[in-house]
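Heads up, the next two complexes both have subunit A, just with different partners, subunit B and then subunit C.
After this line comes the complex of A and B, so read on.
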């Protein structure tokens, strides 16, 4: 054994720990693999480190995952692209392990390396690797192989191309559903690299096999490749080959398949062109909007805006809008909720008249929905509504909905609406806010739930930022400060918190004149929790106010607190005092 | 023994399949004379994997024990212990102990003040990948995914930092699992710092630093390591009665008394409820789920059985929540035949699909029923298992044996079915039409001692001669009295491709082949 010089010690430790018993240390070493490689030099990395990694591949999954990731960016450390192929063997073994995330990462790294490799090296090293994996004994290897074809194929000589296509076709008919699923998932990527002539023959026949698979889980992945393939084909081929498949999928026995169609359908519209869209896809989509299964309607309702954008307004009004109307009173709240989150996007498509005439009633009924989620989804898209129908019309129906949500008995609902208040305020303007929402904002400060009080304090800060200090001094600050006399100390704490948040927004002058006296008064509170919070608030106000104020007001107050009988109060007071000293010295 | 009569009956059997001659092959965990059964050792589940090369058992103590096929050359041919024994001329399938691990520990549910037993009540094998054995095991609340894999024990040497010369410098531990003789050092602050603050701008010459080298790893023996990969917990309010893997290789179900949940094997943080029998008012509850199983081929079909004796088939394609079944299989009882026990003994304790998915086998307290998936009007065959106990239902109710949940199994070819009984007996029936095979065996080393063949197959209403057969086989004990309700054979499994039955009698695992 050799001895190691002092400066090399850290690297030596790092190398030794590649094989430590402690998994954290092994992980640490693997994550610094590039450092180890640089220390060994390119040649020894190729000849020693990489074979070493290939041999030691029965480590824990966490370590293997890290190794798969590191090797993906390892080309510079083995001497550049001309040596990139040495990285393939360790990744090849990682492609066969049983843990999915390790395999996926290994495939990702192989793709990254493969896309940089020279064409001749791809033929010599990468393509044989893909073939070996595709013929692997375990399904894990074959699953991984499916994700590598799109890298291997483009640079392959013709003879290999034919072979690769036929191997992929075998994978599409593998015994194991896992392999067929992987083949279905990657079909789109592979098809994008295949020549147009073979696309129509070989790829389409693989696609047809997959669409007729016994397993739902395979068929529903085939749906995903519909859109991808559709974009590659000429419109007329797409109409001839993809359209019938998607139409039959939209009536599949399995709701999961229909669900996938509902999610993907709009992507196919462009590929097939306007006429087949009108004759085939719109009816299919309407069927999905009226599906028996709520999950399918949820997916379809969520895409209603995207779908309408592709259509002409007449088609949308004629076919889609009636369905939307039905969905707005759907028996499932989740369907209504999905609809509520996208429905406003339809307004620009339909134009102002149709919006006011047809969409607004739906919109208003959703705003009065019995489920808070539905109402919240509408309110969250308020900016889009405002542009189309104007604030006056909106405010009449909006306000009752907001007030109701603000007083909902589930605190999470109240929390959600509080988060939208600044957005509402900016949309609706100062006037509306003063009249209607101001009181609500104050009311939340005295909520029974801490998270709500906390959010209310934050909300005031955001409002102050939105409307400026002058507005705040009139409409927020007095009301807040009034509440400092609340008999319950938890509410007084909330006010203190609100004050500390407002201070930076209000600026030095208002802080000194209005806020600071209140804080100082609070330092005489009988509850220690209030007192040490005063200390914390004072500490946070130090940077805001002038040094003279610090010395005249804050320091004496803290000194008093530093002699409090309560240990926590003394602690935080001293901490604040230290930070004053620190400020002064710097 | 009145063996002659038994043979007479056997000789009258006329069917396409000849009855099998069962031979004892192996026993694991046999009690020595006078040894008491340890409660924790009692086997509570057992299952062959898909190839039949492995068998897993779970016990009340929360342990899972794996056995592997030992009479095949290609299986682990590289292992030394295989080479020392000549298995090439094997007369019968032989299994050997492979590995054992603690799957579940006793727990306490603090929210509901309930003890959760560690008992492994279900085992399901998953698709073997890359040489690793993967299986699911569950107790009454929690399901776990296990990976059992061979790991090489490594000896690390030739480190950069020589431990023996480490003098004042606090050095690293680098011992491998096996090298316990080496000294263990702890990390000091001196080393912690450089490891973590190792700067990337450390000067390294272009050719690297020649004095550094990689450690040398020597592989030693291999060891089997079982690791818990995922835990699927907190999804069941009631006791899990069954888990079942889907043919798609990525999902499984778990069923408790009122609900069935669907899981993805890769995701342990969410499951989807697909069947929910829980009524708004629990007083309206009329039945509970007793067992659930996926179809062996169609990934969208599953069957579940209920305490009222029905089997429902549901199609997952139909809707996300499958409260309405697509088919229901139940046998209409003849009116007037109802007694106090009718409903209790109708409860199905186990339901299984045949390998091709065409037939289902169900077990209730008195009978074993074979159903054709395409015929929901009634079973195609009913095999009377406990008819001789009918006069004793009162006693069985009092000692709660009437609630015992016996498992059942179909052979790989679907020609025969097996189920357990009391007195450590199990019965094998011929399912093929025309077959009258009905063999009773006792789980001990001499199973044929009490073997009797009789025509127990009843065509629905025809009451067979099984009670007669019982008298034949136990003439010494007097009629009807011949059972020991404390020795129950609840769990058994049929090898997927061969005539090999594994059955659990208390803490012993018996294997029989034919």
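After this line comes the complex of A and C, so read on.
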């Protein structure tokens, strides 16, 4: 190639590529920034590439996003941590763009770089950057600043620390709700770096401001920092400052706020200790479990196990279990569904007796729920169920549920249950499987929906792996092969697919003796789609069987197909023949 | 489609209700209110699983005493205390005001509308009372006292400021049919709410309401809560809010900057954070008429509003819901100051949809309107990126997009702008036209392309031929260029590996690349 002789200027290549009208090409070149940097060497990367990038940020957001991401891992290319600060200017600019994704990524990259920088460099470069952004004219800069304080603060000298705290407090009272939301979101992270003395004063007053904000959306985010702050404080301070707030939040007029409380109340239990938990948090949680708003109950129900784990069994049985009983017949199926997905985790907390007496009836009623999601959630926790109630009881109540789900009219539900079959099989054992589930597995091969047939074929493969070839030759293979004569070609294709998946598991011998003849017969099918799939399947069986079988059976069959009137059949047959030749030569 | 129709019906109604004389409006509103209520209660029974409505979920300590009473006490005990007050007719004029305040206070009681059989009598009494105070406030002469204002605003606040219930996420797939057009959630309490809104509207609009005094009660916090209500799913409610906000903006000059700022904040929240809001179209409608009234030359603040708020509103994927109103606002700006065309067009290009074809058609519609008001100097400033974008649209596989882009040539103003600048534009769009002419799958696009091509050819044959030669040349070299690019990157990679291995002095000659 003549181009090899031309001199190569890495930066020029980049400049050229970034001018291209095709955004995909611009993206590709940004994704290869590290190549350019390595070709340039560290010094010229610092002096030429990075300044170029700082000025060249007028591109599509997608390209800027890629740039923000690449720069986050660029320290090695600029000469290691002592030069890391040169990466800050381009990222600082990216922190001020309009698009949220780009800003978030730039902040993430800045944090990544900042956490590796030397302390003195942080003071010289990073802290001034944070201050500049926090004083930014437009909200984008100030929002980005909020996410950087936890990196800047720890290594700042005392004077700077005071200043940073006061800047953050201003951000919490910013004129724009966007900024206050960002400050609320990051408060927990920032607080974790602040000294205990200031935590109780400065941070708590910021927190109080945010919890009284006139915008719902800000208060909502303040709730999120409750748990984080609670964990940082001494228990008595937590009881004094956080507990009243969360209890009042749990009765906020906005369901969204109550929803957030429901999601993280359990995290506060440890922070406040057992007594306040009993007197304040349990009643609050019980209220949330009985909230008027289904969304709140959904959130609360989903945390039932986590909450109970923290409580003493007596408290759980006395206060939480009655609510759980109510929720199991809640009018919203989403509440029941959320409950079903966690309820089994309560068993170890409650102990065997309470489980059998109180939890099991709830569990069984959820297993018979009219909504498939609820039943599915129970079945998907099967391993836990098994440990608690034992296989006999389980199989009695489980089987009807499975059979019903297997025939559910929504194919996604059928799909979900198929995916649990291998797990079920391993838990329940061969005997149970043969009796009850084998027929179902075959039935799915003839489902009306392609995804189900596909999943059914995969399922057979996983079963064969679980129970071994000997079992499979008896319980799977004959039933599958029977179906190859189905009058509908789509079903015959499914069978071909199943055969191709089974072949590697069954091994060379069974493949040659049982599967291969069926495939060869199928090559005489009248539908071209079957025939070119035969060609594909044959190609995939080449590595499994002996050389002699390839020559004696597979090649002649493919040669026939290669002369088929249909162009696609010829194409795939030739492709398979080529791969035989390729294997021969290697 | 259905949504649009649904949205329009009540709009017309309430507008007429707002403008027509009181007697007719109150009779229509009561009829409509009842119908709505009935419809709702059915829907609510089916969908809402929570036992109580938004009205009764409240835990706001401020008015909890009212709500608790409704929640826990049976109809009996309420009815003993909830009796209709004497009518204004039977009261001497000196006592009317006192009676009015008593009636207003009575309307602070909230009823549970999720159960249509509950407190029927009391609900009717409250509705009648509301209608009476609407009439009182409309026919009043003599300025309202501060005390009246305070009570009025308090009553309105208690009634309209509430938390919206979340959209029930139920049963979408359960029936086997997915509803692609969701019915908006209508508030079952509408029979009361509507009259309260009517009342607020008339209060704000009344010449007897002195803005200087009323601003103490219709304050920032009131306005902010009012703006938050725009997220209501109920189009009838948003229609009222729109009219009321417009009146407040007109009457309370002191609140104007605050209102604009607060709306902007809602827009930012919507564009950059949530992507979800029901009332954007209504806000834009109000803003449209505000922009219409901007004096020339435009203030810097208003131009910033265009760039920082209106243009980014093109980003969300639900643009369809408010595009018409947005487009109106944008063209207002360009018509007022044609120098803004360049900024607007660049803004459109920045937010141009990548995969959403129906959104793309909307952009092209708006672009045409903006170009219509664009003068040659601004056009020249943005035409290069613009026609790169148009060239993309021309070769879109979605025929509506390609078709809409080709229709730009039907506009004489645009056609002449293009012809004046053909030396720059034609080379940019030529490849797209050529490829369409050769093999666009859609017949209409194909023939439209041929027309445009012929038009351009007839106008300047030499230029056209030059472009054609260049295109063929480029096409022939396409593969070569691709290979060259690949080999360049491979060489760069080699160079990088070599450097990493040796970490020696630079192997590449220092460049003067610019």
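To be clear about the criterion, the second predicted complex is superposed on the first by the 502 of 586 C-alpha atoms of A that agree within 3 Å, B and C clash if a C-alpha of one lies under 4 Å from a C-alpha of the other, contacts with A are read in each partner's own complex, and residues count from 1 in each chain.
One rule holds for everything that comes next: contacts are C-beta pairs under 8 Å (C-beta built on N, C-alpha and C of every residue); 3 or more make two chains touch, one makes a residue touch a chain.
Every value quoted in this text rests on a predicted model; they were computed, and no experiment measured them.
Student: I'd like to know which partner A:410 touches here: subunit B for first, subunit C for second, both or neither.
Tutor: second
Student: Touching A:19 in the superposition: subunit B (first), subunit C (second), both, neither?
Tutor: So A:19 only meets subunit B here.
Student: So, does A:253 touch the first partner subunit B, the second partner subunit C, both, or neither?
Tutor: Both subunit B and subunit C are touched by A:253.
Student: So, does A:178 touch the first partner subunit B, the second partner subunit C, both, or neither?
Tutor: both
Student: A:334 contacts which: subunit B (first), subunit C (second), both, neither?
Tutor: second
Student: Return first, second, both or neither, reflecting whether A:529 touches subunit B, subunit C, both chains, or no partner chain.
Tutor: neither
Student: Does the superposition put A:44 against subunit B (first), subunit C (second), both, or neither?
Tutor: Touch status of A:44: both partners.
Student: Which chain, subunit B or subunit C, ends up touching more residues of subunit A in the combined arrangement?
Tutor: Answer, by number of touched residues of subunit A: B.
Student: Using the touch definition from the top, say if A:458 reaches subunit B (first), subunit C (second), both or neither.
Tutor: neither
Student: Please indicate which partner A:574 is in contact with in the superposed arrangement: first for subunit B, second for subunit C, both, or neither.
Tutor: Neither partner.
Student: Which positions of subunit A sit in both the subunit B and the subunit C interface?
Tutor: 1, 3-4, 7-13, 15, 17, 21, 32, 35, 38-41, 44, 98, 100, 138-139, 176-178, 181, 214, 216-217, 252-255, 292-295
Student: Which part of subunit C faces subunit A closely enough to touch in the complex?
Tutor: 49-52, 56-60, 163, 165-166, 168-170, 173-174, 176, 221, 224, 228, 265, 268-269, 272-273, 308, 312, 350, 388, 484-485, 487-489, 491-493, 495-497, 499-500, 506, 508-509, 511, 513-514
Student: So in the complex, the part of subunit A that touches subunit B is made up of which residues?
Tutor: 1-5, 7-22, 28, 32, 35, 38-45, 48-49, 52, 55-56, 58, 96-100, 138-141, 176-178, 181, 214-217, 252-257, 292-295
Student: Residue numbers of subunit A touching subunit C in their complex, please.
Tutor: 1, 3-4, 7-13, 15, 17, 21, 25, 32, 35-36, 38-41, 44, 60, 98, 100, 138-139, 176-178, 181, 214, 216-217, 251-255, 291-295, 330-334, 371, 409-410
Student: Residue numbers of subunit B touching subunit A in their complex, please.
Tutor: 127-132, 134, 147, 149, 151-152, 154, 156, 158-162, 165, 172-177, 191, 194-195, 197-198, 200, 202, 204-209, 211-215, 217, 229, 247-251, 266, 297-300, 315-320
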